[in-house]
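What follows is a set of structures for review.
Presented sequentially are two complexes of subunit A, the first with subunit B as partner and the second with subunit C.
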Partner chain A sequence: MKNLGMLLLSSAFGLLSILPFSASQPDASFGSMAVWMGFGNVGLGSAYLIDFLYAIVPMVVFQMVYGLYLYRHFCTASVYYFSRCIKRKSWFLQETGSLLLKSFLYESAYWIAGLFVLAFKYPFSITMADVCLFLYAVTINVLWLFASTLAVNILALKTDSVAGFGIIFGLEVFFIVIYNFMESLFLYGKPEGNAGKLLFILWKWNPVSQLVVRWHSSMWKEIDAMVNDYQVNFDFNFSVLYLAILSAILIILGISVISRVELISNGMEE
Partner chain B sequence: MKLTAEHLQKKINGKKILNDVNLELISGRVYGIVGRNGSGKTMLFRALSGLMKCDAGKVILDGKILFEDFPVLPGIGIILENAGLYPELTGFQNLKYLAGIKKKIKDDDIYASIKRVGLDPDDKRIFRKYSLGMKQRIVIAQAIMEKPDILFLDEPGNALDEEGIKDIRKIIMEEKERGALILIASHNKEDINLLTDEVYTMSNGEISKMEGRED
Partner chain C sequence: MGILLLQIKVMLQKKEAAFCYFFMLTMILIHFFQNIFKFAGTDISRMYQPLKLRMLYEDNVFGYYVIELLPVLVVLVSGFSYLDDRKSGEDIFWIARIGGKKYFFFKYAASFVTSLIVFGGSLLMETFLYLLSFPLSSVGDPSNITRFDEVYWELISRYFFPDIYINHPYLYGVGCCVAFGLMCGVLSSFSLAISMSGIFRFRILLFLPVYLILTMTYYFKDFLKLDFDTYYGYYFYFYDTAPKNIFALILFLMVLFVISFCLVCKKINKDVFEK
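Up next is the complex of A and B:
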């Protein structure tokens, strides 16, 4: 029931996200919808800070709910669970696989809701470039959702659930603020020399930068034409690889943490 | 089946929790451990079961060494003081979920275990809504449901009324008859006198056999 409820909620978030787009666009393509739903309504600059925080709400809800997905087994029933669960590492890998699937389904519900609105309102046409752009956007969002939620679980194991979620949410807000305050890089001209290079690296390696579809570039001209607003080299493959490596690091870290957890403290979060 | 603890030592925050603990336990017998709160009884249960690693010493089950040959002691049923179940699940759902890890038993076995401790398997109340006595009973049901070879029972009579204590004593004797190795920590002297074959005392992490109790 909880999983179904989450999918319905995600669909509702998807509809809320696409409605302003469909209301303002007389004509729209599948690709432009993917750009919009991939944080396309979020501009760069401090004025858009609230917009970005609002846009990230569906992800924060998922992190709150599934931030306890692995951690709950280490709470009050941990003794009875882990006295039966002999292979903790394979258990962890199974659970992270399940979390990845949940991230995928949650994101899919969000994006499919948008797709439905698009199909009903506009004459439906689709190109290969549209599909690729859509897949890039969904993959990046799924990987981020998975990695951030896994991080909440791992931190909760070392601290507690509130601290785990609080730290990750705090980091997200921090990165969003950094992202938004880097307006000088694009809006007021790129700084020259090393300062400019450093700013660009900071912006490119900022985790939340990966989420914004329209800043990305692509070697495929049809896709590049739909995105790359600021004509920078920020390939989609970079974001996919970046988030995949981040996820892999978190999985390895998680295995290390759960192997070392000694079930000593009683009554955790009863 | 023989379970041996050799020179177990554990320090937490500089304090010795287990201090050179040696034990030899065999199947079909009930062993009691008595001692004040904080004497190290629960820590000994955790160390013996593999839920906590010791700084030194070994736990050996039939020649196989814990953490070398297996990560947790195989075939154990355990209850620990203050450890609960999943608060949002009913008693039956909790046990079914836990039974799903080993997949050794069926729903009928879970039903039978819950009835054995005097609860209704069809009770729709979630664990959080249970009374303390009901919580203790369902936790005991989870320990015995898979017919384990080894039972570690930390204060099994906690929160139980007189009737409940009688029920649990009966279950412990039945489990002994079945051939289980049973280790009980209890403050209840009557439990210790009635149920156990050998008694050990714990004080400041050290264990010693209580003389004059060998049958």
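Up next is the complex of A and C:
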């Protein structure tokens, strides 16, 4: 029931995201929809901060609800639960797999709502580049959603669910607000000088930057023509690899944390 | 009254309330020292009005942090106090001592006042800091639009109660802090009432109602075809110039207040041992 509710909520977020696009675009393709729904209305500078913070709302809701997906087993009847589940590491891997699947389903509902509007309003045309762009966007979003929610769970185990969520949400807001300082980064073309290059690295390695589809570049010219706002090298594969490595690190960290949790000392959270 | 004060004292001593207060204080002080270094030695004719240098003036990065984290901060400050009481069994002690009705009402009122003190108090402290440190005779606007420009007066007219601002700018500045604290108080007590209703089993989910309510207000403008902005941040900034509607704000706060009051009344009528 909760899962169904979350899928419906995700679809509603998808509709909220696509409606301004469909209202303003007389003609749209599958690729342009993917660009729009992948943080398409954001940019650098203070003018975009509000749009940015609204674009992450669906993700924040998921982090709140599934931020206790693993952690809840350590809250109530944990001694009983884990006496029947002795191999905690394999249990953790199973649960992370399930969390990844849930992240995928949640994101799918968000994107399918967009596709639904697109299919009804515009004549259907699709190219291979559109499909690839769409798959890149979904993969990046799923990986970020999974990694951030796993981080909330791991932090909750070390502190509590409120602190776990608070830290991750605080970091997300921090990563977004630092774009305020980067308004001039691409003002005169590519960043130059040591300060410009440093700022560029900070921009590229910012986890939130990975979510913005239109900032990326691609070796495939047809995809590159649809994105790459700043004409810089920021490949989709880099983002996928970056978030996959981040997820892998968090899984390893999670295994280490989960095997050290003292069940006796855990209180109930209600 | 003594019980209310005791409840407020207990809430203020909790680490969540302390964290919110120090977070506000940190943002305020970093911004204050930034201003001190920025305006050191500036001629008074080129200075801005001191209260417009405060953190919650629009287009300020520290203000952004506070406004965007506000849905979480208002819940954190006192929203969990009832759940903490229940976890430690303190609620039973209170109910045995003063009765359920008084306990829940005082808890609700204490949550409101605690939030008012933490947010309103820290911002009032900031106001006095600016009043003491910057020249009061300076009248410039950070937008660099002069008073002789019509646009300036057009922008001023979009403030809440522009007449008060024009005649008593410093009183207006203090009033903004109190209004900010009151709005945070309504949101905090709303989250406390939600926690009393027992809808959510886990603490983390208590963030959800306030977060969704505040963020979804953004879409009201388009869906209800309103001629004013409904993004909550515009109503929390002190000198925001976006088109706003004070009646919509009051209605919004009243609805939240009525819902939370009903939830508290419902809780009072329930048996203490019922969740």
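The rule we apply is simple: the second predicted complex is superposed on the first by the 262 of 270 C-alpha atoms of A that agree within 3 Å, B and C clash if a C-alpha of one lies under 4 Å from a C-alpha of the other, contacts with A are read in each partner's own complex, and residues count from 1 in each chain.
Rule of thumb we're sticking to: a residue touches a chain if its C-beta (ideal position, glycine included) is under 8 Å from a C-beta of that chain, and two chains touch if they have at least 3 such contacts.
Small disclaimer: the values here were computed from a predicted structure and weren't measured.
> Could you say whether A:M64 touches subunit B, subunit C, both of them, or neither, answering first, second, both or neither?
A:M64 sits against subunit C, while subunit B stays out of touch.
> For A:R72, is the partner it touches subunit B (first), subunit C (second), both, or none of the two (neither)?
A:R72 sits against subunit B and subunit C alike.
> In the overlay, answer first, second, both or neither for which of subunit B and subunit C A:F169 touches.
The second partner, subunit C, only.
> Quick one: classify A:I50 as touching subunit B (first), subunit C (second), both or neither.
A:I50 contacts subunit C only, not subunit B.
> Touching A:L16 in the superposition: subunit B (first), subunit C (second), both, neither?
After superposing on A, A:L16 lies in contact with subunit C but is clear of subunit B.
> Once the two complexes are aligned on chain A, which partner has more residues of subunit A within touching range, subunit B or subunit C?
In the superposed model, C touches more residues of subunit A.
> Report for A:K221: first if it touches subunit B alone, second if subunit C alone, otherwise both or neither.
So A:K221 meets neither subunit B nor subunit C here.
> Looking at the overlay, does A:K87 come into contact with subunit B only (first), subunit C only (second), both, or neither?
A:K87 contacts subunit B only, not subunit C.
> If you lay the two complexes on top of each other, which residues of subunit A touch subunit B in one and subunit C in the other?
72, 267, 270
> So in the complex, the part of subunit A that touches subunit C is made up of which residues?
16, 20, 46, 49-50, 53-54, 57, 60-61, 64-65, 67-68, 72, 75, 156, 160-162, 164-166, 169-170, 173-174, 176-177, 180-181, 267-270
> Show me the residue ranges of subunit C that touch subunit A in the complex, using the header's touch definition.
16, 59, 61, 64-65, 68-69, 72, 76, 80, 83, 86-87, 201-205, 207-208, 211-212, 215, 218-219, 222, 231, 233
> For the complex, give me every residue of subunit B touching subunit A.
12, 43, 46, 49-53, 70-74, 76, 78, 80-87, 94, 98, 101-102, 139, 142
> Under the definition above, what is the set of subunit A residues touching subunit B in their complex?
By the definition above, subunit A touches subunit B via 72, 76-88, 262-264, 266-267, 270.
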